[in-house]
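In what follows, structures are represented as structure tokens.
Each of the next two complexes has chain A plus one other chain: chain B in the first, chain C in the second.
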Partner chain A sequence: MRIWQTIRHNKLFAAIYIFGTALALASTTVAVVVLNSMIAPVYPEYDRLSSAFIQRLSMELPEGGNMGYSMSYDLVRDHMYTLRNARKVSAYMEPWESAYASRSDGGLDFPVKIKYTDPAFFDVYSFRFLAGKRYSDAEFESGMPVAVVGEKTAREAFGAGDAEQYIGKDIRVNFTDYRVVGVVKESTPAQTDSYAGVYVPYTSKQDYDQAVNGIPWIGQLKLVTVTDSLDALQAEIAELEARFNASHEGYQVHFFGQPVSHAVKTFRPGIQDTEFRLSGVFLVFALVIMALLIIPSLNLSGIISGHMESRMAEMGLRKSFGATRVRLLREVLRENLWLTFLGGIVGYFFAYMMLKAGVADLFMSYGVATDFTNEMIFSPVVFLSVFLICAVLNTLSGLLPVYRSLGRPVVESLNEK
Partner chain B sequence: MLRVIFKNLWNRRSRYAWLFMELVLVTVIAWQLIDRSVVLMYDRSLPMGYDIDRLVKIDVSTLPEKNADFKPEYDTEEGRINSIHAFLGKVRAFDGVEAAMASGAYAYMGSPQLNTYYTYDGSTDTVMVSGQFFWTGTDFFRTIGLEPADGTPAEVFDNVAPGEVILTETLARQFSPDGGVPTAKLFNPNTGEGVRAVGVVKDVRRSPLRRSYSLAFVALAPVPYDNFACTARLKDGVDMKTFIDEFRSRASRELTAGNYAVKAVTPYTELFAGMAREGGITNSYRRGMALTVFFMLNLLLGVVGSFYLQTRRRTGEIGVHRAFGATRGKIRTILLGESFVLMTVAFIVGIFLYLQYGLAAGLDFGYEEPGDTTVADTWVSSFGIHFAAISAIVYVVMLVCVAVGTYFPAREASRVNPIDALRNE
Partner chain C sequence: MITLKNINKVYRTKTVETQALENVNLEVAKGEFLSIMGPSGCGKSTLLNIIGLLDNPTSGTVELDGRSTEGMSDKELARFRNETLGFVFQSFHLIPTLSVLDNVIVPLLYRRGFKGDKKALARQALEKVGLSHRMNHFPSQLSGGQAQRVAIARAIVGNPAIILADEPCGNLDSKMSAEIMGILHDLNKKDGRTIVMVTHNEAQAAETDRTVHFFDGHQVTE
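Entry: the complex of A and B
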């Protein structure tokens, strides 16, 4: 093949070209994988594209001022669990202070993320159970201290072993014992909606049904739903909001346009930022990709430009035998495209190594340790993006210098010989 | 020689155009990235004013009522306060502990705090004060390792009462220029509450993440919370890891008081590293460094590529130079000179462009927060010095990159045999 000849005859040019492309591709692939893992369906959040969330609301109080918090149990029980436009509904609590779990070997407790949920949480998120099952409706209703634990957390608490062995054991979290009824494949902390090391029924929490400071509808529960029509669900909540405000003198509840989609929830800087548009986020992302590509493109342009000069005589000969400028342009670009794809493959490999080494955590605002799974790295979206980036990089860097070189008169080109 | 360099550059301007554009862009991007990293590095390098290496934070929590060890007789306000003091007594008696103090769970030294405004005496000027709250009677100052400033007797620390504050020297100077203890009361203009300054300590920073030395230690009476934090200072020479291992193995058996039990123990160094990580500061720094390396690698490739391809085509010209007596060193110098001059001109264009941005949007001032009133004293806040310093660093980094990228092609070019080169011509 011609590409191998090009590489054999111009080893240095090919090496710099491939390595330069690989650098650019690796960095942009990491960025694409990070973005993709934030918004695309990944374990166990396979319903991301149809998920909708209510995380926080605000209540204006009769005595002045307002209270911003999550939802009370009364609100969830009476209105949210019966939403007409949601296919699945789950409520959960996330304490903001650290929780600590005990080790069976008597060592001091280790920090663990705990989520207080209802059984429907395991319908909304598709956890893979390695042993046991979720807590039952009966266990939830009676507030039994039972738990579903992530395999890594179970291993840390009880020591290495088979998932089945952990079932029936007690895990102590914040000095309370919970009987393990299920062990799931643990997701990564970057999946903030679903991730926890320990899941327990929120009814096992002492004050789960208490409204904060006795204020109606204000409590500790957040809501995740799966819906076929976000607009209809938003309209239903807006109607609920209006009904409350009309019937509770002095109180005004604000849902701030919630429920919102997973993507909006992920990128919206503040819950009250109702003017937020996703297009702004994607624009910034596109600019970041451009910034990561523009320098390597200039780099390649310079190298291609230099390489074309050394091929002037060859081009002059081809032209004098009748080859058109467009034909030569197409040939040279095709050659470069092959080199770009070779660079792309090397770059993808670099990106894989970088992601496995934790480089992508640098792009996460809070530095959570993210275990990028093969599912995230080798997704079709990422493949397609990398292919497109290759094509853009090739066109960006090659078109102008090649076109300019081929524009020189035949006599001048032949004179190079 | 400079004339030759400029002539060469001018004659090859179209060939160097890509590299020139790349150099300009890299200057602009590197400026932004290096600025952030250098400011963060500078902030971290500032002295803390106390020794965090010997401090550990112990998280203490109340047992839930359902727990078999819960004792209802201790679950009163008085019972809890007595338990806090009993707990501190046990920690102080633990092997390797020099001193220990208690605070609210989220009010340990270095935790994010509330900022308040204070006015001095009858003045209408307000000074925003960053407050570090502490519980009286729990040996706060000795545990953290704060030293009294000149004119403040050490006994003040033992006798400070709720409603009184102790200021750092930097903050004290805001209220009284001689740096002594301000004599008038400080008022919070929003609440009308007054606090009285009773002493001044030598400057300390609240945490490695903050640049400011402006801090007020506000005394509160101990509060019987469900959770509280105990901070212990280890004796000099005690190994932190050995202490933590020993503490972890004995804490659940020995360190309970009333209904309080130990949840976790964390060295302060780990605590601050965690705060920097969760606050995105560590990431911001590492991201800046990683992207700088990325762009410099690209630049290196660009320079190597351009100069290798150029020198191959310039064999004849180099042969002529050599035939007329130019040494290998001179050939190398000419080629290195070309890249330096090209880079310098691109750098000047780049920093001129960045200056326009910097004048409009400001430079990176790190993580200053309201209450960080001393920030203005550092080079970071002086636009001129800041811009010059970062520009110099960017220039040196790029110069090294370009020098490495040009040296090897230049060395190869200088080895050209003049006879061979001229024969090919």
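Entry: the complex of A and C
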């Protein structure tokens, strides 16, 4: 059975099959790409699978009540930068308020995402420097107003040009001038951990070392680490938590099981939800994929069933010359699988168009435009997933109608017109 | 070569029972060309289907090439059909999406352990029926006679000992019928194949070694 001949002789069937499959697979591919871009290693977050985060902690206060916030500089400096079970450690701040950058040509300021980081941030995340380099330890220690900027942001601020040309220029963000020391290939807002248009040393922020309301350990810094053993790292933090609680009368700090993996951080609804299990998310995702596949599977089943009716005589003929039911089932499913794969390729293209058109925004709760890169859309994981989805769709839609039609007696099949 | 003993075939529905064949006993010798005649609905094709292991008798036994087919599994029956039997149907049953060559190859696709050159064998079979020049055409591009010759090539490509032909000339004009009968006689005389042919045509039946007549499921004369 040759696929091209089948298509040539069954144009309508093939067209409906391929187009129907493509539409079904487009939506599932979008879902897979979105999920994959959230948890799989993509530029510059190649260490996602071994990353661990501490975003917030909570402090019970002597006077009653508690305060939930990020970490103070003291805590980070004294305990976090020296974690034994982390290969890399970086602390950073993400201001809630909007930031605006000026244009060198005097045009209107434009919104920009700014991150206050340490130099290690560029070790944890594998940014590709197009020009210059990260700020030095000395620049960081002295709180110099220097910046690493994303290529797109640089272009918007300074106009089109070679990345080298931006080095040494000042970029003004929220009325502060930062000297550009490095230009990186910009990631996308979909990478919420690493993305920013402008990165500056958090030491350049005036109050970076101030504990909030003078409460110990409470400040503005978040932590990202790369670890070989999340369990060991969590145990180390738990030990730290216990030590603090034993030595600070009236205060009780809670890390809520942090640090947590990138995937847990992404999907956990609240920091205090310590019972959260990733398996639940994947189960829901699998159910959504199945739901997206069931309706097209039923439709395809109907089409295949009709098509098998028109091929009854052929099946009878093949049986009369020695084909078994199982052999024919395999052949027909394989033939359908080729059509499904063609549908998969078209569906992948549809998904690409949908993602580029911003359809994935519907999946995101951040309200930001998510710019999906080709790396995210055409990753091996997505390819493999779409391949598996094709196989599942093919089996779901084809197995029953084909098996049933092949169960007809040979003579009855041969007499079908 | 073919031995049928006490073959009965009854078709049953909820309300009706139809006796298609009743107590049929038949022997066909190796290398014999047998024709089966009778009016429509007398059970000729049913008998041919039972000989061809395409249908099961309600009772009775079928022996082919010295082997009883009773109790064979579907897989064994399929293998036996593939290796021992070749079918020629009235309506040709060529697969429209396959070329002539690929149609002829079909039985070889299901030949267990076959390691030979399928295309070469198919070409040889087509040469035998005088159609090697049309092997890349599709069934829709053939005349009725040519289509039936392709069907014969397909029936013989696997070198079966027995060819079963169900009204092979039923859809052909007299000239084409003569061609087809010529080919069948060559396969019988030159290659020594056993042929059982169902026909309505007395002249064609007269050319065969022996004719059996059926009426209402009974074998009436020989």
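Here is the rule we use: the second predicted complex is superposed on the first by the 401 of 417 C-alpha atoms of A that agree within 3 Å, B and C clash if a C-alpha of one lies under 4 Å from a C-alpha of the other, contacts with A are read in each partner's own complex, and residues count from 1 in each chain.
The definition used in the following text is that a contact is a pair of C-beta atoms (placed from the backbone, for glycine too) under 8 Å apart; a residue touches a chain by one contact, two chains touch by 3 or more.
Source: prediction; values computed, not measured.
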Contacts of A:175 with chain B and chain C, given as first, second, both or neither: first
Of chain C and chain B, partner touching more chain A residues: B
Partner chain(s) touched by A:401 [first = chain B, second = chain C, both, neither]: first
Partner chain in contact with A:325 - chain B first, chain C second, else both or neither: second
Partner chain in contact with A:317 - chain B first, chain C second, else both or neither: second
Touching partner for A:5 - first (chain B), second (chain C), both, neither: second
First, second, both or neither for A:307, with chain B first and chain C second: first
Residues of chain A contacting chain B in one complex and chain C in the other: none
Interfacial residue positions of chain C with respect to chain A in the complex: 49, 52, 54-55, 74-75, 78-79, 81-83, 87, 89, 93, 95-99, 102, 106-107, 109-111, 154, 158
Chain A to chain C touching residues, read off their complex: 1-2, 5-6, 8-10, 313-314, 316-325, 327, 409-411, 414
Touching residues (chain side chain B, partner chain A) in the complex: 15, 18-19, 21-22, 25-26, 29, 59, 61, 63-67, 105, 227, 247-249, 251-252, 261-265, 277-280, 282-283, 286-287, 290, 294-295, 297-299, 301-302, 304-306, 308-310, 312-313
Contact footprint of chain B on chain A as seen in their complex: 12-13, 16, 19-20, 23-24, 27, 97-98, 100, 106-111, 174-176, 206, 291-292, 294-296, 298-299, 301-303, 305-307, 309-310, 359, 361-367, 401
